[in-house]
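Shared between the two complexes below is chain A, which has chain B as its partner in the first and chain C in the second.
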Partner chain A sequence: MSTQTAPADALLDLLTRLADDDLLLGHRNSEWTGMGPLLEEDIAFASMAQDQIGHALAFYELAHALGAPAPDDYAFLREPNAYKACHFVVAPIGDYAFSLVRHYLYDTAKALRLQALTRSTYAPLAELAQKLAREHKYHQLHGRTWVQQLAQGSDESRLRLQSALSEAYPMALGLFEPTPFTEALAQAGVQPTERSLETQWRTETESFLSGIGLSVPTADATPYLGGRRGYPSEYLLPLVLEMTEVIRQDPQAVW
Partner chain B sequence: MAPDAPIGTSLDPRMNRAGLSPAEGFAGAPELDQFQTYQVFHQTRRGEQHVHVGIVHAPNPELALLFAKEQYARRGQAVNLWVVRTADVFATAYDDDDMFAPATDKSYREAHFYKNREVIDEFKRRMDALADRHFRQQQPAQPGALPTDPRRVTVKGRSGKKPTIVIAKKP
Partner chain C sequence: MVTAPSRVPLPEAEADAIRGVLQAVKDPEIPVVSLVELGVIDGMYRTAEGTTLVELIPTFAGCPAIEFMRLHCEAELAQAGIAPVTVQVVKTRPWTSDRITPRGRQLLKEFGLSPPPVVAGELTVEALAHAECPKCGSTHTELLNPFGPTLCRALHHCHQCHETFEQFKPL
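Coming up: the complex of A and B.
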C-alpha cells in the first residue's frame, strides 16, 4: 500500500508524457494515410493512429483536471521544449518496415504500462487505463502479426525488418527515460519505476523477436534520451510546426 | 495546389517528403498485383447468424482477419468475424440461371402470411430479455436448485391484423 500520495506535479509530469507520446506518434503514423502499402492496411493504420490521438486526448483531460491548460491548448499551443515525448516517437516515419517496427515496440511498451496503470493508486488513471487497454489489444495484435509475417516472409522482408529493428531498438529505450518524478510516482503507487517497466519490456520483446528469427541489438544499445526532460530531438520542432500549422493561423477559431 | 507553388511541389508536406514527382507521371502498379481476396462475415450478437459484409485483400487468413476487423468492425457493431478464401466458395454459374426461373405459379409457397414476423420476433426478443432479467432476480444463487423458467409467450393473430401477444406465467 502506498505510504504517501503523489504530488500534483508528479502526476502532471506522467500524464503529459503519456499524452505527448500518443499524440506525436499518432500524428506521425497518420502521415501514412492515403500512402499505405495497400488499401486495407492503410485504413487499419490510419484508424489506429486516430485511436492513439484519442488516447492522448483522454490523458490531456486528466492533466487538465489537475491544472494543465485545456486539451487543445496544451496539445498544440505549447512551447516545443515543453513537450515530454521521447525521441523515439518523434522520429520520421521512415519506410514501412521502420513504422511497423516502431508500432510494435511502442505498443508492447504501452500495453505493459497500461496493464500496470490499471493498478494505479491514482483512481482516474487506473480507470482510464482499463478502458484504453481493451482498444489497445487490437493495436498490439496488429503490430505482432505484421512483424511476424515479415520476419518469416522473404529474404528482402526479413532484411528490411532487421535493419529497421536495429535502428529502432536503441531509440525505443528512450520510452523508459526516468524523470525527476519517477521515484515519487513509484513510491506513491501511481506507476512502477521506468526501470522496472523497461525490464519487462526487454524480456517480452527479446523473447518475441528472437523467437521469430530476428536479432535484437540489446547489449550495445545506447538509449536515445532527453525527450522527457526538455531536450527534444531535431525532429520535434518541424513536426510540431507542421502539426500546429492550422491552429496557429487562428488559435481562437471555433470549429 | 496554390497558384504560386512551384511545379512539382504539393501543399501536402508528405508528398514533398516522399520525393515523388507527379509531373513525370507514375508508372502505376502492374496489373493483378494484388493479394487474393477473402469474403468477410460478421456477427452482431452471439447466437445470431453471420452475415456477409464485404471483401478484403490479404496474403493469408491471419492478416485477412486483421484487416476485416478494421474495415468492417471498427465501429463496434460486431462480436465475431469470419473470413473465407474467395477461391473456396462454390458458386452457380450465371449461365445456369434457368434453374432459378419458376415455370409455374408457386405463389402458394411464398410466406405472405408472415407479414408481422419481424414485429413478433422483435417483441419476443424483448420479452426474452425481460424474462431473463426477471428470472435472474428471482433466483438467488442456490447451489443445486433447479430453476423454473417463468416465461411463456403466445402470439395470436391473423395475417394483416395487429397480433395479440399473451404472456402467461407457468402454473
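Coming up: the complex of A and C.
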C-alpha cells in the first residue's frame, strides 16, 4: 500500500468510469462494422472499437487489482444502474455525422484525460496512461482529419456535421459530470478535477471547431448528466442486454 | 525497500537461451517476424519459488492475439525444458515501435510492410504520416487511413510507383 494516496473506493470510481465509457462507446463504434459509408471508415470505426475495448479491459484489470470482480464479470454481469458511463457514450450511433462528431469530441476529452493521468500519483494508472496515450494519437488524427474534411466539403456535409454537433455537444458535457470522489481524486493528485478537464476541453474543441467554420453551441448547452451517479441513460439497458445476450445464457461457460 | 526481492533477473546466458527458444514464436498476424524481433519480450526473472517469469508487453493494448501469443510462448518454453515457466502480459510498460530490431525491420519489409520510422520520444503527427514505400523506396507517400487490416497497420499510398501499401504503425 505504498503508491496509493487516494482511498480505494475513489480509485475504483475513476477506473470504472474510464472503463465503462470505453467499453460502451467501443461497442457502439463496432456497430459500424460492415455498415460504414465507405470501406476505410468501416475499418477505422471497427479498429477504434477494438482499441477502446482493449483499453476498457486494461482499466478493468486495474480495478480488479483493487477488489472489483474479474474483468468479464465486472463488465457484463452488473446491474444497469451500477454502470458509470455518461449518457453521451451510450446514445445510439445515429448517422455517420453523429458518430464522427461523437468520436472527435470523446477522443479530444480522452486525450486530455490520458495526458493528465500520465502524471497521476497512482502509479499503475500513470504507467498505463503513457501506453494508451500513444495509441490514442491515431484516434485524434482520424477524428480531426474527417471532421475538418467534411466541415469544408459540400453544403450538405457541413450542414449534417453542424446538426450533429448541435446535438452532440450538450451530451458530451456529461463526460465531465462530477462524482462524489472528484475532489478526493484531485486532492490526492490522481487526476485533475472534472471542471478543470472540461475547461481545457472546451478551449480546445471551440478553437478547432470554430476554426473550420462550425458554430459551437456553448452558451445554451445543458449537460446530459446522471450517468456517473447511477442514473443511466434510457439507452443503457437495451445496450447492455444486447452486449450480454450470450454470457447470460450461461455465465459459467468456459471459452 | 529492505525486504528480499521476490524475483531476480535471469543471468544473461539464460535470457539469451530463452530468446533463442522464442524465435520460434511468430506474430500470428505477420508470421515471418518473431516476438523477439518485434521487441515484445521484455524482462526475464526467476521467482523465489523457482519459476521462470517472462514478460510480454503488447504492441497495442487491444491486440486480440495477445493471449494466443502468451500461451504459444509458454508451450515453446515448456517444450524446451524450461519449467515451471510463466509468461505474463504487462500493460503498464509502453511498447514502442523503436523496440523492433534491425532484423525485424528487414523482415517486415520483405513481407511487404513498410517498417515504422524511428520515433525517439514523443509520437508526432509527422511521424505518423511518414512512410517509406516498401516496393520502390520512395518517401513521396501519403497516409490514406491510420487504421488498416489489423490494429498495428496503417494504409498509405505511394505517389512514385502508385501502389497502395501497408505500414507497421509507429508507436
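Quick notes on this structure:
Quick note on the criterion: the second predicted complex is superposed on the first by the 251 of 255 C-alpha atoms of A that agree within 3 Å, B and C clash if a C-alpha of one lies under 4 Å from a C-alpha of the other, contacts with A are read in each partner's own complex, and residues count from 1 in each chain.
Here, contacts are C-beta pairs under 8 Å (C-beta built on N, C-alpha and C of every residue); 3 or more make two chains touch, one makes a residue touch a chain.
Predicted, not measured: the structure shown is a model, and the values here were computed from it.
Annotation: superposed three-chain arrangement on chain A; chain B versus chain C shows a clash. Once chain A of one complex is fitted onto chain A of the other, the partner contacts of A:161 are absent, as it touches neither chain B nor chain C. In the superposition on chain A, A:47 makes contact with both chain B and chain C.
In the superposed model, A:10 makes contact with neither chain B nor chain C.
Of the two partner chains, chain B is the only one that A:38 touches; chain C does not reach it.
After overlaying the two complexes on the shared chain, residue contacts for A:128 are found with chain C alone; chain B is out of touch. Shared-chain residue A:149: touches chain B; no touch with chain C. Look at A:171: by the touch rule set out above, it reaches neither chain B nor chain C. Applying the stated contact rule after C-alpha superposition, one finds that A:188 touches neither chain B nor chain C. More residues of chain A are in touch with C than with the other of chain B and chain C.
In the superposition on chain A, contact is made by A:61 with chain C only, not with chain B. It is stretch 74-82 of chain B, out of 74-82, 110-118 or 146-154, that runs into chain C when the two complexes are superposed. Within chain A, the residues touching chain B in one complex and chain C in the other are 40, 43-44, 47-48, 138, 141-142. The touching residues of chain B, when paired with chain A in their complex, are 13-14, 17-18, 35, 56-60, 62-63, 66-67, 69-71, 74. Chain contact summary for the complex, chain A toward chain C: residues 40, 43-44, 46-48, 50-55, 57-58, 61, 124, 127-128, 130-132, 134-135, 137-138, 141-142.
Considering their complex, residues 31, 35, 38-41, 43-44, 47-48, 92, 138, 141-142, 145-146, 149, 242 of chain A touch chain B. Those residues of chain C lying in contact with chain A across their complex are 60-64, 91-96, 123, 125, 128, 144-149, 151, 154-155, 169, 171.
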